[in-house]
Amino acid sequence: MKFEHFGLGLLKGMTVTFRHIFRHPTVNQYPYQRLNVSRRIRGNELVWDKKRCTGCATCAKACPQGAIEIVTGANPVENRYEVRTYRVDTGYCIQCGLCVESCPYDAIFMGYAYERAKYRRRDLVQENDTLLESKERPKSGYFHPEVAAGLPAQTLLVEKIVERKD
Amino acid sequence: MTTREITLKTEPFVLNVGPLHPSTHGVYRMRTTLDGEVVLDIEPVFGYLHRGIEKLMEERTFTGIIPLTDRLDYISPMSNNLAYCLAVEKLCGIKVPERAEYLRVIMAELQRLANHCIAVGSFLNDAGAYFTPFMYTFREREKIVDLFEMVSGQRMTYNYMRIGGVSQDIPEEFLPALAKLLDQLERFVDEYDFLLKENEILIARAKGVGILPKEVAINCGISGPVARASGIRRDLRRDDPYSIYDRFEFDIPVGENGDSYDRYRVRVAEMRQSLRIIRQAMKDIPAGPVKAEVPQVVRPPAGEVYAHIEAPKGELGFYIVSDGSIAPYRCHVRPTSLINLTALRQMVRGWKVADLIVIFGSIDITMGEVDR
Amino acid sequence: MPDISPLLTGHLPAATAAYWPGGYWGHWAFYTTALITFALLMVMGAIYIERRLLGRMQSRLGPNRTGPFGLLQPVADALKVLIKEDIIPQPADRLVHWLAPVVAFVPVVMIFAVVPFQKGALLADLNIGILYVVAVSSLTTVGIFMAGWGSSNKYSLLGAMRNVAAVVSYEIPLVLSILGVVLIAGSLSLNEIVLAQDIPFIFLQPMGFLLFFMAACAEINRSPFDLMEADSEIVAGFHTEYSGMKFAMFYLVEYAEAIAMSAIISVLFLGGWRGPLLPPWLWFVIKVFAVFGFMVWTRATFPRVRIDQLMAFAWKFLLPLSLINLFVTAIQVLTIPDAPWLVFIINTAVMILLVIIWSGLFKVGWGRVEV
Amino acid sequence: MTVILKAKDIIARLSEKFPGCLAEAGTDSVLVEAAAIPAVVQYLREGEGLEFDYLNFITAVDYYQYFEVVYHLTSLKHNHAIFLKTRCYDRENPSVPSVVGIFQGADFQEREIYDLFGIKFEGHPDLRRIFLWEGFPGHPLRKDFNQ
């Protein structure tokens, strides 16, 4: 080891850190400032469309985790075939989105919401009506460009950080 | 007056570096035998993150494996996806559409940038620069991850590539954002070089430290930037072109001494080359479909295949044996990080504890890939 | 109750204790209380400045949630560690483990006894002030070594050993670089040294300042010489096994040392409390924080050196240069005692020349041992 | 482009040196008698025009009747590659000679195979389990492994 640059290398580095004092910090103070997530975000919970679902169980087959459980049966009163239970164990779900891609009837969507933590593990197992779209759990545009078009644009760090031209 | 020789009785002691240690990059553990500060020997201990991914792969459909590959080298899931999809496509003989090929290259190279950001950042952090380089590189990685989030919807486990293409086309705001990102990254790499390239302390800490001779590197099966820093001019993008890498112009940076500093320099140089490739790919990306007509449940013919790519950490390969069913009979991952660790013992012997950390940091491993 | 109005207006009577209300003991009681309060407040300020400045240099914000601009963050930190559980490892040497933070903390506060905050405002105007500072400041090492030994943890022991090695080597260049100042000022008393600085000694002793700053950084284990608690190598060094209030003591020691050294640097080289317009004590505080800010700046930029490089740097770089500096200064004091600007030019030239020459000569080898 | 050498050519080249040890396992993979593995690998590494100096990976596959150990070798100089395979039929106590002496890179991979398949590599200097702890019942990647 020698001081090849007579300590100038050290000084050069110090100018960089000094310049950063005057730059815009990269921090986002989360609960107070929120960024828009991607329109295609694969959020915490699945959103299920009861009307469109035929109970074909393609999603259950596509799910690598086996987190989707579907019970179907005939309804003799209304004389049709109906989905009795559509159950998703969100605790097993890895948000891979393969079920959404596989659904031939566009009946299942990824969730756009992301603050959906639960206190009890049993709350993670969601079925039927809890899976429907609501204000707290909107649909995400993952694999559904028509849904994505209605969502706000994603906040990008490349656009947020305006660096001063050197 | 006679001088009397006083010899103190000393003995080596064993220090456990890891599995919970600030700079073992996960849960790696080294049983280190020390003589004072000098490392006499290390014995790596693996398995703290062993999830049995290869066994899990045997029980899933070919498409269902893609999310699992995300979790191998979780720093660079795009490359893992790419390697796996290439292997299955080779097995089935699927032709991937042009646009998908270009998207794959862009994603893989962005992934390389993101990975090298972490690699150089945490290497310098291990050398003791108090989080500053780490923060800067993570800021840049964040910009890249933003784009990945835009196309795939996740920030960590992208699960973007599919057998026969990619899952969805890019949104229209992707390419302008990418162009802006490339400009910023170029300036960032320059500034980052200015920050620490000539830093005397870094040179003292890394230059000549942990030399990996070329012969040892070849014999140990080392690949990627670590091998290139030792002077092995091997890059699968050039030597065994996959996807459409033969259409792009880029250089293969090679180190001279094979020390930690060279590994750091090679990574920074590779970042510049990746920027070059992305610019070329961006320029002539064609329109068209992004996924070949592949059935929902892929059922490849019986046989076996090995496909490898130049992942950010080195040669990442998937060896798949299929028996004609919807799940692979056997799927083996060539673990870059595990094999790159083979030479660690030779590299660190005789150096100090502080050097052990620097050398280990310069190899750049991910425990998810080591233990699988 | 002593009259504190002079403290606010900046016109304190001379340090002679006899003039004070309550005589000697009144003076003692007031200054002791004031010093400890001052030291603690400065430490809080230092922690705040370090975290904020480091944050901005690393492109983040730093603490800004507790109080206005996060000013109460050190208070919140202190409250947090106070109520934390105190864990003593089972195989630890309990007495040593318990005593170590105390032994480390006391000498640091003692340094402040001789630091002049403004004209005559100091607890003890020792005529050997600077010698006292050097002697007392190295006592902290004992506490740190006790912590490393008493924790019965290998990481702690490594950190403590590193610290002892570093402090023993860096005492020598530290003292030698002070001697230049002492020669010019003609006194060992810090009060006298400040009074002698019509031109801040940084101009007359540029190399002395550089060497003292580097040696001081190593002495108090600031980056890039923070080997004893190198978090990426030996986890947290000597205080790996400390928690709760004892850890807070070590944290306090670290910053109090840094503040004490900044104070000594500003007294020796930057003119102490002297300065135009503003009241003297404010000048002093500004200078202390400026020096401390520089330490933060280096911490944000530099990687850490290795232990053998640390030693080589002390013995092969700092020691010869400080000897040469002392020699040159001695000649100047003998020959041209009344030409400060000539001294400034000569010393700056000598500094640049020596640093360039020595950078070429200085080698530490690669540090590998055949095993 | 890395050329995968045809098994036919390799066998034609090596058959006189290793008579009876080689067979075709596919168009591009050579089946080698287990006992001959170190010698064949050594020859492949040093033979004129072959120079397979880089061991890409070793893995094993469980086919119920036998275990197949797969070696993938590459020559950095000539940029060609080859798959070697060897089989061991003993399920209770399978063993294959180790190649650690030739390729140090095989070290962890052979330990991994030993751990997950239970195939012993004769001559490996430090054959212990790598991911699972000593005393773990069974070898998980075997097809008949049942938790």
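In this document, chain identifiers A, B, C and D correspond to the written order of the chains, with residue numbering beginning at 1 in each.
By definition in this document, contacts are C-beta pairs under 8 Å (C-beta built on N, C-alpha and C of every residue); 3 or more make two chains touch, one makes a residue touch a chain.
Given the structure is predicted, the values throughout are model-derived calculations rather than measurements.
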item	value
Chain separated most widely from chain D, comparing mean CA positions	C
Geometric centre: closest chain by C-alpha means	B
Gap in Å, rounded to a whole number, between the CA centres of chain C and chain B	43
Centroid distance [mean C-alpha coordinates] between chain D and chain B, Å	25
Distance from chain C to chain A - Cα centre to Cα centre, in angstrom	51
Residues of chain A engaged with two or more neighbouring chains	1, 3-4, 7, 10, 13, 16-17, 26
For chain C, residues that touch 2 or more chains besides their own	57-60, 300-302, 309, 364, 366
All pairs of touching chains, each written as two labels joined by a dash	A-B, A-C, B-C, B-D
Sites on chain A touched by chain B in the complex	1, 3-5, 7-10, 12-13, 15-17, 26, 37-42, 58, 61-64, 94-98, 101-102, 110, 140, 142-143, 148, 153-154, 156-159, 161, 163, 166
Complex contacts: residues of chain A adjacent to chain C	1-4, 6-7, 10, 13-14, 16-18, 20-21, 23, 25-27, 29
Residue ranges of chain D in contact with chain B within the complex	1-2, 26, 53-57, 59, 61-62, 70, 72, 76, 79, 83, 103-109, 112, 116, 129-133, 140-141, 145
Contact set on chain B toward chain D in their complex	46-47, 50, 52, 54-55, 216, 218-222, 232, 234, 239-241, 304, 306, 308, 315, 317, 319, 321, 329-330, 332, 334, 338-339, 341-343, 371-372
Sites on chain B touched by chain A in the complex	60-61, 63-68, 132, 135, 139, 142-143, 146-147, 149-154, 157, 159, 167-168, 171, 173, 177, 180-181, 184, 187, 191, 194-201, 203-204, 207, 296-297
